[in-house]
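Per-chain numbering from 1; labels A, B, C, D and E assigned in written order.
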Amino acid sequence: MLLNCVAYRHGVKIAEPTVEEISDYLARTDCFVWVAMRDATEAELNTMQEEFGLHDLAVEDARHGHQRPKVEEYGDTLFVAMHLPEYIDAELSVGEVNVFVGRNFILSIRSRSSHNLLGVRERCEREPELLKLGSGFVLYALMDAVVDRYFPLIDKLELQLEAIEEHLFDKGYSLATIAQLYGLKRKISVLKHAVMPLMEATSKLYGGRVPPICVNTQEYLRDVYDHLTRINTTIDMMRDTITTAILVSQSTVSIEQNEVNKRLAAWAAIFAVATAFVGIWGMNFQHMPELKLEYGYPLALLVIITVCGLLYFRFKRAGWL
Amino acid sequence: MLLNCVAYRHGVKIAEPTVEEISDYLARTDCFVWVAMRDATEAELNTMQEEFGLHDLAVEDARHGHQRPKVEEYGDTLFVAMHLPEYIDAELSVGEVNVFVGRNFILSIRSRSSHNLLGVRERCEREPELLKLGSGFVLYALMDAVVDRYFPLIDKLELQLEAIEEHLFDKGYSLATIAQLYGLKRKISVLKHAVMPLMEATSKLYGGRVPPICVNTQEYLRDVYDHLTRINTTIDMMRDTITTAILVSQSTVSIEQNEVNKRLAAWAAIFAVATAFVGIWGMNFQHMPELKLEYGYPLALLVIITVCGLLYFRFKRAGWL
Amino acid sequence: MLLNCVAYRHGVKIAEPTVEEISDYLARTDCFVWVAMRDATEAELNTMQEEFGLHDLAVEDARHGHQRPKVEEYGDTLFVAMHLPEYIDAELSVGEVNVFVGRNFILSIRSRSSHNLLGVRERCEREPELLKLGSGFVLYALMDAVVDRYFPLIDKLELQLEAIEEHLFDKGYSLATIAQLYGLKRKISVLKHAVMPLMEATSKLYGGRVPPICVNTQEYLRDVYDHLTRINTTIDMMRDTITTAILVSQSTVSIEQNEVNKRLAAWAAIFAVATAFVGIWGMNFQHMPELKLEYGYPLALLVIITVCGLLYFRFKRAGWL
Amino acid sequence: MLLNCVAYRHGVKIAEPTVEEISDYLARTDCFVWVAMRDATEAELNTMQEEFGLHDLAVEDARHGHQRPKVEEYGDTLFVAMHLPEYIDAELSVGEVNVFVGRNFILSIRSRSSHNLLGVRERCEREPELLKLGSGFVLYALMDAVVDRYFPLIDKLELQLEAIEEHLFDKGYSLATIAQLYGLKRKISVLKHAVMPLMEATSKLYGGRVPPICVNTQEYLRDVYDHLTRINTTIDMMRDTITTAILVSQSTVSIEQNEVNKRLAAWAAIFAVATAFVGIWGMNFQHMPELKLEYGYPLALLVIITVCGLLYFRFKRAGWL
Amino acid sequence: MLLNCVAYRHGVKIAEPTVEEISDYLARTDCFVWVAMRDATEAELNTMQEEFGLHDLAVEDARHGHQRPKVEEYGDTLFVAMHLPEYIDAELSVGEVNVFVGRNFILSIRSRSSHNLLGVRERCEREPELLKLGSGFVLYALMDAVVDRYFPLIDKLELQLEAIEEHLFDKGYSLATIAQLYGLKRKISVLKHAVMPLMEATSKLYGGRVPPICVNTQEYLRDVYDHLTRINTTIDMMRDTITTAILVSQSTVSIEQNEVNKRLAAWAAIFAVATAFVGIWGMNFQHMPELKLEYGYPLALLVIITVCGLLYFRFKRAGWL
C-alpha cells in the first residue's frame, strides 16, 4: 500500500506526485522523490521497479522478505534490508523495512510490522538544512528510526533477565528459572540476528570507500553504527550472563538436592534408632529384668526420647536439619 | 552418464552436438557448450578431460568425490565442488555437484544424488537475455539451484528442533530428548560442512579481484553468497540452541530427581513414624497401662493416623508430596 | 557545572578566561584553552557547543551519556568517551568522562562520578615541557588518569576472587560461593565493557594514520594503550578462572552429596541389621530355645552390638563413615 | 642412515653419486640431486650441512626433532618440518619428516617412523614430465605422501567414535564411554597439532608471494593444502562431537540415577507399608478383637498383600518400577 | 645492582668501562657497550637513563615492573619486557627481564628472579662471528635464553597433568583430582600470559617492516618466535585437556554416586524383606499354626535367609552389589 510520495527541492517539499508523475520528477536534476509504502503487493512492486529502474535481485528480496539485514550496492543504487522486531503477546515478531536509495529517490517499504515510521518524514521536514543533503540523509533518518526501535526491546529483555536473576538462588524455582532463561536466550538470538548483520553492513557506509550516496552523511551513519555497536555489546553481555545463569541454576538444583538428602539421612537415622530400641524391648526373651520394673516403660520411653533428642541436636548443629 | 549436451549462441540453443563434436563448437568464438552428466564413469571423465583440456588435479577430485565444497582456479578454468545433501530414510545422504567452467564451456557432474537439476537448463533457456552472459551465468544458475536445495532441509531440521523443544521441560522424556538433540546436532554438522566452505569460496567470486568468467555475473553470485550467509546464520543459531537445550535438559533431569528424592524422604518419614509408634506398643514391659484400656487399640491407631496425617499435610504444604 | 577554565601559552598558564572570553583566546594562534566541567547542564553544553563549534552528534552523546567508550573524529575535533566505574556500597556505579579536543582547546566533562580529576591539571602544570605539546598532551593526561582509576578496581576484584577460591573446595559453602562467583562475573563484565572498547579506540591513536592532534603524543598514547591491554588481559584471565571455578564448584557439590549418600547408606545398613535381629527374637514361635536361656537377652544384645560394630568398622575402613 | 642419493637431469635419473660427489653435481646448472635419509646421525647431518650449505638454525631443528610442523625460508633454501603419526600398540607415536629444498637439491630426513616413503621416488621417476619441474615438484610429492598417511588415521579415529556413539545412550556403560571419549580426544589433539600448523604453512606456498622453488608447482601445493583443510575440518567436527558426547554422556548417568532412585523409592514405600501393618498387629493391646478371629492371620496377610500389590501396580503404571 | 659492563669491537671484548666511561664508548662508532644489571635501584636506573638517553615511559616501565611482555620502539631504541617464571615452593613466581637496545648499546635488567643469565654473555663471547652482528644479536641471545627457561616449566606442568590423568577415572579421588586440575589451570594461565604476548611482539621482529636493530638477525628472531609458538601450542593443548578433564571428572563423581545408590537400594531391599517377614511372625494373632510347629523357628529363619539370599544373587547378577 502506498503511504505517501513527496518530491523535495533544496530540502523543502515541492509536490506530492502521483505514481505516474514520479518519473517526471526523477528527470529533473535539482530534486529527489521520497516514496513510503507498507506491505507492498506484487503489482505495486513491479510499478516501482519500472518507475525507479530497480534491479531484479533486489526487488526479488523485497518481494520474498525474510532477508538477513544487509546493504547491497546495485550500480548507483543501494538496497538496504533491516529487521523490525516487536513484542506481540509476549512473542517477538520480526517485521522488515526494505529501502531502495538512488541519487534522486528513496523508496521505503515496511512489511509485517505495526511500527509507524511517519515520524521520520516529519523530523526530516523540520530540518531542511539536513534534508538538503538529499536521499543519503533520508536513508540515515530511516536507519536511525529503525535502530531506535531496538532500544526499548533490549531494555525489556534486560528487565526480564534481572527479574530472573532475583530468583536465581531461590529454592524450588529452578525449573521455571531455567525455562525462562532458555526462552530469553531464544528471544535475544532473534535480536542478535537483527542487529549484528546490520551493524556489519553499516560499518561499510562510513570511512574508507563509501557508496556515493552516503558520502555527505558519513558522520551520521557512523552514529547509527555506534548505536548498533552499543546494542550488540549489550546483547553479547546478556547472552554470556544467561549461559552462566543456566550453569549456576544447575548448581542451585544440586545444592538443594544435597540439603534434602542430608535431611532425609538425619530423620532416617533418628527413627532407625528409635525403631531399634523399641525392637529390643519387644523381644521375647524370658529373662529381661527391665521389663518387670514398675517404671520400666516410662524409663524406656525416656531413654528413646533422650537418644533421639541427642541425635536431633547433633544433626541440627551439623546443619543437616 | 551423459544427460545432455547443448551449444548456445547469443543465449539461444543452436545445436545438440555429440561428444566428439564438442571440440568443433569450442573452436568457434561466438558460442559456448553446456554439458550435463550424472555419476560419470572413469572413461567418460577421461573423454571430457581431453575434450575440454581439464587439469589433472581437478579431474582427480571429480573422480574421487567426497571433496570439501570449494572453488579452484586452474588457469582460465574454474573447478567448483558443491555438496547436495538429501534426506533418505531419516538419514542425511550427501551427494555432490562438480562443475568445470571455461570461457566457452560448462560441464556439470552430479554424483550420488537423486536431485534433478534439469530445471536449471529450462530456466536459463527461458531467459536468453541472461544466458547471453555466457558460461558464468550458467555457473550462477547451477549454484543457485544447489543452494535452493538447502532451504527445505534447514526448514525440516528447524521443525525437528521445535518439536524437541516442546518436550524440553517435560518429565520422563529426558533421555529421548537428549538423544534427539544429539542426532540433530550431528545432522546440522553435515549441513554446516556443506554450507560454510561454499560460502567462503563464493565470497571470492564478487567484489575486488574476481575470476574472469565471473566478472559479468558478480551481482548474481553475490546473491548466492547472501543465501548461503542466511543459511549459515540459521545453522549457527540452531547449533547454539541445541547446546543450550542439552544443558537445560540436564537440569530437567536433576530437578526431576530432586522431586523424587523429596517424595521419597516424605514417605519414608511418615512410615518411619508409624513404625516407631507401633514398635512402642509392641514392647513387652509389664506395666504399660494404656495396653489394658478398653479402647486402647483404636485410640493408638487414631494417634498414629493423626500424627502421620499431620506429617502428610505438612509435606503437602511444603510441596514435597 | 564549570570547574575551571584556563588558557595556556608555551605550556604555561596565562589567564583564567570567563566563558565569554574563551573565543578571544581561541582566535589567537599561540595558545590553547582547557575547560573542565562536571555534570554539565543542557544550557552549559549549548554554550560550549557554540563557543567551540562542536558537532551536533558529539554534543548529543555528551548530553545523553551512557555511551560506549569510543574515540570519534569530527573534522579536526576529537570526541572521546570514557567510563569511570567506582564502588559505591559494594555495587559498581559507572560514571563517564567525555572529552572534546581541538587544535587549540580541550573540554572535559565528568558525569555521575565522585572521582576527582583535578590532579591532572596539577600534573600538567608541573611539566610545562610536556604541556607545551598542546591539547594532545592534555588528552593523554586525562586518559592516563581515567585508566589509572581502573587498577585499584581490578585489584579489588582479584582479591575478591582469591577470597572465594579459598573456600572453593570447602564443604557446605557451595551456594554462597557460586552466588559470589556469579556476582563477581557480573562486575567484571561491567569493567570489561569499560576497558575493551576504549582499548580498541586508543589503538588507533598511535602508529600508522593518526588524528593530527595526537601526532606529537603517540608514544604517550601507546602507553595508555599498553595499560589498557594489561587490564584487559587480567579481566580475561579472571573471567576464564570464574567459569572454571563455577564448574569446579558444581563438582564440589556432587562430591559432598556422594559422601552424604555413603554415610546414609552405611548407617541405614547398620540399623537395618539391628532391626532385623531384634525382629527375629520378637517373633512368637513357641519353640525358640534361646529365649529361655538365662543370659539369652544380654547375649542377644552382645550379638547385635558385635555385628553392628563389625559393620561400623568395615564402613569406617572403606571411608564411608 | 643414508637411504639413497640420485642426480636427475630433465626429470631423468643420470647417476647415483656418493656423498662426496654431491658437490660436483650441485656445481652443474642442468641437474638436481635428491638425497633421502632416515634417523640421521649428528655426523651425517654435519656432512650434509657442509655439502648443501644449510643454515645452522635449520640443521639444529632437524637434529633436535620434535618441531612444530612448519615451512621456513633461509635465503633460497626452504626447510619443511612435517609430523608423521602412526598407530603403535593402540598409541599414537609421532615421527617426523624434515626436508631441505634448494634450487638444485632436495634432502629429506625421516625420523622415528616406520613409514616408508620410497614410493615417492618411484612415483616421481614414473612421471619425468612432472619431475622435470625440479626440486619443487619433489617437495610436493613428499608433502602429498605424508598427508596421504593422515587419511587412514582419521578414518580409524572416526570408526572409534562411531563405535562409542553406539553405546552412548546405553545404561551402565557410562564410565567406559567417557574414558574412551577422553582418550579419543587426546589422540585427535595429537593429529590436530600435526595438521593445522602444516595447513597454515602450506597456504603460503601458493597464490600471492611464493618461495621461488614453489613457483612452478603452486597448483600442486594448493592440492596438498586442500587435503589438509579437509582433514582439519574432519578433526574439528570430531572434536566438537566428542565434547557434546561427553556432555550427553553425563546426562545418561543422571537419567539412570533417576530411575534407580525411583525404584528405590517405590520398593521402600511398599515394604514400609508392610512393616507398618505387621507392626500394628504385633502391638500388645489387650483388646484387639481381630487377633482372636479364627481367620484373622490369613486375612491380615491378605490385607497386607493386597495393599502392597495395589502400591506395586500404581508404581508400575507410573513407570517407577 | 650492576653485574657487569663490557665494550665490544668487531665481536671482541675491548674494555670493561666504569659507568661514567660508558658515554666515551658510545661516542665511538665502531663498538657497542653491553651492560647487565639485577634488581636495579631508582638511582641506578636514573644513571643509566642519562648515560644511554632512554625514554621516560620505558624507564618508568622498568622501574614499576609487572609489565606485560612486549617490544616497544622509542625512536631508534627498543624496549623489550619479558617474564621469567620459576618454581619456588610449588608456586610459580614471575620475575622479569627488561632490555633496552640501541644501535651501539644493550642494557639488560633482571628483576625478582634467581635465574642467572651469565651464560648468555659467555655464549656470545665464544662466537665473535655472530657477536659482530652487534646489539641486535645480543638481544636475540637474551630472548633465546629467557625462552629456553620456559621449556622445563612446561615439561613439569605436563608431567603433573599426566600424573592427574592416571587417577582421572579412579573412584574416591575426585575432589583431589579436580582441585589439582584447577591449580594446574591457574599455573598454566600464568605461563600463557608470559608466552603469548611475547610471541605476538616477537612476530614483528622479522619479515616485513622490522626495527633497524633487528634487520641482520631476523632469522634468529624467527627462531625465538618458533620456540614461543611451540610452547604456546602446548599450553593451549593443556588448557583444553584440563577443561575436558574437569568435565570428565564430574562424570566420574556422578557414576560413583550411581553405584553407591544402587548398592544402598539393594541392601535396603534385602533388609526390608527380612524385617517384613520377622514382623509377620511377630504378630499376635491367636491362630497362627506355624508358630506352634516344633521346627517352625528354624524353618522361618531358613525361609528368610533363602528369600534374602535369592535377592542378594539377583542384585549381584544385575551388578548392583
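Note that in this section contacts are C-beta pairs under 8 Å (C-beta built on N, C-alpha and C of every residue); 3 or more make two chains touch, one makes a residue touch a chain.
The structure displayed is predicted, hence computed values, not measured ones.
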Copy pair chain D, chain E: interface residue numbering same or different (half cut): different
Chain A onto chain D, rotation angle from CA fit, given as a multiple of 5 degrees: 145
Separation of mean Cα positions, chain E and chain B [Å, integer]: 40
Distance between chain centroids, defined by C-alpha means - chain B, chain D (Å): 25
Junction residues of chain A, two or more chains touched: 247, 250, 254, 257, 261, 264, 268, 272, 275, 279, 282-284, 288
Overall pattern in which the protein chains touch one another (line/ring/star/complete/other): ring
Chain order around the ring, beginning at chain A and proceeding next to chain B: A, B, D, E, C
Interfacial residue positions of chain C with respect to chain E in the complex: 168-169, 219-220, 222-223, 226, 229-230, 233, 237, 240-241, 244-245, 247-248, 250-252, 254-255, 257-258, 261-262, 264-265, 268-269, 272-273, 275-276, 279-280, 282-288, 319
Interface residues, chain C side, partner chain A - complex: 55, 57, 67-68, 70, 72, 74, 172, 174-175, 178-179, 181-182, 185-186, 189, 193, 197, 243, 246-247, 249-250, 253-254, 256-257, 260-261, 263-264, 267-268, 271-272, 274-275, 278-279, 281-284, 288, 290-297, 300-301, 304
